[in-house]
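In what follows, structures are represented as structure tokens.
You will see two complexes here that share chain A, one where it goes with chain B and one where it goes with chain C.
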Partner chain A sequence: MNRDEFIKAANQAMPDLHAKADTANPDAIVVNSADLHGLCLWMRDDPAAQLTYFEFVTAQDWPDRDEIVLVYSLYSHPLGHRLMVKTALPRRDPQIETVSDIWEGANWSEREVYDLFGVTFSRHPDLRRIMMFDGWEGYPLRKDYTHPNLIHRPE
Partner chain B sequence: MSTFPPNPDLVTEEFELKMGPHHPSTHGVLQLSLTLDGERVVACRPNVGFLHRSIEKIMEHRTYAQGVPLADRVDYCSAMTSSLAYVMAVEKLLDLTIPPRAEYLRVIMSELNRIASHLLAYGTFTLDLGGTTPFLFGFRDREKVLDLFEETCGARLLYNYMRIGGVACDIKPGFLDRMIAFLDYWEPLLSSEYEAIIDENPIFYNRTKGVGVLSQADALRYGVCGPNLRACGLNNDIRKIEPYSVYPELEFDVPIRTEGDTFARYRIRMEELRQSARILRQCAEKLPKGEYLARQPYELKVPAGETYVRIESSRGDLGCYLVSDGSERPYRCKFRTPSFSHCSVFSHLFRDCLFSDIVAMSASFDIVLPETDR
Partner chain C sequence: MGLMGLLNKGSVYAERLPGASIVMAPVNWGIDNAQAYSMWYMLFGLACCAIELMATGSSRYDFDRLGMFYRASPRQSDVMLIAGTVTLKMAPRVKMLYEQMSEPRFVVAMGGCASNGGPFYYDSYSVLKGVDKIIPVDVYIAGCPPRPEALLQGCLAVQKKVRTYKLGQPRGAAIRIGQEANASRLALDNLVPPRAFDDLQILDIRGQKHE
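Presenting the complex of A and B:
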């Protein structure tokens, strides 16, 4: 399936979903964060989707839009197609339901996003920092992150 | 031996053992928190992050061209492929066409790097199982590959050879002859030395055959990729399923095994070495003349947008997810690395097994910790 067929099939299966094509990424669709878990279950189990291979989840920080955008990347080995799913969260206290119960591989990937962007994944079995050590303050990959040892290069 | 008869009269108490981060067989700074019941492993919690260098954050503060040496350091045992993923992502956003000679040079260097990396994997894997001679075989011939890299770009580990639009420099006169001479010398050794010393060895056989069996469904659930997934019976070679560069013009097979055990993972790598040699011989014949670097403006501005490019690195499915906001620096650059997934599967695999098997199993996954931690 290509992206347009995905959007059509997903919106048909879940009438409240209202998935849209993403403008920046030709592989990505955009959904509301509340619908993400249900969509992921459908994507893994639907015979026409079969997105069984979880590649990664990562985030983009956009302070001017006051958004943290999560990006999930999935691939289907049996059908040979890929899909990315994007969903926007507010920068203050971003929260979303985990998908580590759907793909085990999301467990560490979500921990990384929690560690570096400060996104809380509810119902995650083991939400701890993974790259930085416990007790680290702040979320390093956010654009407004500062640290006393971080020196900005002169332009 | 993979089985161990339990003694009902012996009462043992579970205890915690932290294996690593400074342990010779963790191949870097991986820490395995093991719950042991005697010699038997009850649970394993891998801890990573000891080698986190925040490459992705540093890249946001550097120009696109300055990102290449950083991308090298994502996987320093296979630096050619990890920087290739990065430059391919930038080129995709720029919609840049690469000269054919540069494409071939990239494939030559990637496959040579795959040989160097797999020889390292072979050497350290056998060393972990107690074999010093095969380790020396691996390193002896890896040196010869590194010599080829050194004469081309001056470096033996972190090459900084890939460039946005091509490669940094052309190969030196006589490089192809020296490469073929190396292959002629080394390929027969694969069966006469490398495999002869361990494949039929009963100790090696008993410690690897049927040990650490990973089912295909579990492997997929955890995002296992590359040679480790091919050992579970799935063809996931990106060079075949999402071909890039000039791989469609080259003939090679993808070795597949179905056992999913430690022995299968080792065998896949040995077969891949032969396929890499086969690719290199074809490249030496087909290498076209011409430019090795595409023309581009001095100050590189990448159009706004985002892309995801993945390639088959020595360890598997290495991807670069790049977001540009139209400036001269990447807005976000994320590397999806195979070792990250491979370390996460350890919590599933290292359960109800012998402690001594942990060393064999983790080495067979060919994990490289800088790639996990970035």
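Presenting the complex of A and C:
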């Protein structure tokens, strides 16, 4: 199943989804953040998709677009195909529903995104920092992040 | 050379008494050398320097000939080799482990990261810029990572400090093992050089030399 077949099948199964092809990545589709959890559930259980393996979730910070884009990478061991799902969140107070109830492996990956980008995953069982220690302020991988320890390399 | 020759080599009062094999030497000399040749180090690999540390401990470079063995507990170790990048998250643990070591204790900052942050000095929010910000360092070794020869020279420098160190007195200035130590093995002339690979012959299963 390639990307375009995915989009067709998903939009057929969920008429309100409006999944689109991503312009930057030939493997990626774009969905609204509110639809992501339902889509993931469908992608795991649908016999033609069977995306049973959660590879990772990461994020991109776009200050000029005022967006944080989450990128989910999924793989199907039985069928051997891969899909990436992108969804945009507002930069101020980004929130999305967790997928750790669908794939257990998403637990720590989402904690990492929470730690470094400040994305809150609702209904996550254990949303704590994972890389930085407790009490760390700010989200280091955001573009506008500053820290007293940070010395910029002279030009 | 024998024992007498060995003792006379150092600035030690040694005398063979007539009719008996008794050697007299200052107690300090014995204690200092015993300490210097039993520097058990705490295995503290934090990053890629630990790979060089392991290489130095293995048979090709052989820490054991300096009397250095790794210990897994700070309570049993005399020297702490900070081999790698100390992050801000790790820093309190490093300090706590250092405080658990008993005196006399020594610290070697191995490589650029432990000395001053190294490649993470600029543009890093999470790396401690030098382990000497939290614990006193006795020997700094340059390199990223330092070659085993440089690490061995650093350990010899620690031994030198151990011999002159007196408990309760301020220790001397930190020793810096420079870049030139990485470039040549000349600094280690007094050590047995590692066997060159050219000496090795690869034999096949019947004992024939392999082409």
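Here, the second predicted complex is superposed on the first by the 155 of 155 C-alpha atoms of A that agree within 3 Å, B and C clash if a C-alpha of one lies under 4 Å from a C-alpha of the other, contacts with A are read in each partner's own complex, and residues count from 1 in each chain.
We adopt the following convention: a residue touches a chain if its C-beta (ideal position, glycine included) is under 8 Å from a C-beta of that chain, and two chains touch if they have at least 3 such contacts.
Small disclaimer: the values here were computed from a predicted structure and weren't measured.
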Clash-or-fit label for the pair chain B, chain C on chain A: fit
Which superposed partner A:135 touches (first chain B, second chain C, both, neither): neither
Which of chain B and chain C A:15 touches, first, second, both or neither: neither
Contacts of A:125 with chain B and chain C, given as first, second, both or neither: neither
First, second, both or neither for A:149, with chain B first and chain C second: second
Which partner, chain B or chain C, touches more chain A residues: B
First, second, both or neither for A:47, with chain B first and chain C second: neither
First (chain B), second (chain C), both or neither touched by A:55: first
Smallest separation in angstrom, by C-alpha atoms, between chain B and chain C in the superposition: 5
Contact residues of chain A, present in both the chain B and the chain C interface: 132-133, 140, 152-153
Chain C to chain A touching residues, read off their complex: 88-89, 121-127, 129
Complex contacts: residues of chain B adjacent to chain A: 48-49, 52, 54, 56-57, 61, 220-223, 234, 236, 241, 304-308, 310, 317, 319, 321, 323, 331-332, 334, 336, 340-341, 343-344, 348, 373-374
Complex contacts: residues of chain A adjacent to chain B: 24-25, 27-28, 52-56, 58, 60-61, 71, 73, 77, 80, 84, 103-105, 107-109, 129-133, 140-141, 152-153
Complex interface listing, chain A residues touching chain C: 132-133, 140, 145, 147, 149-153
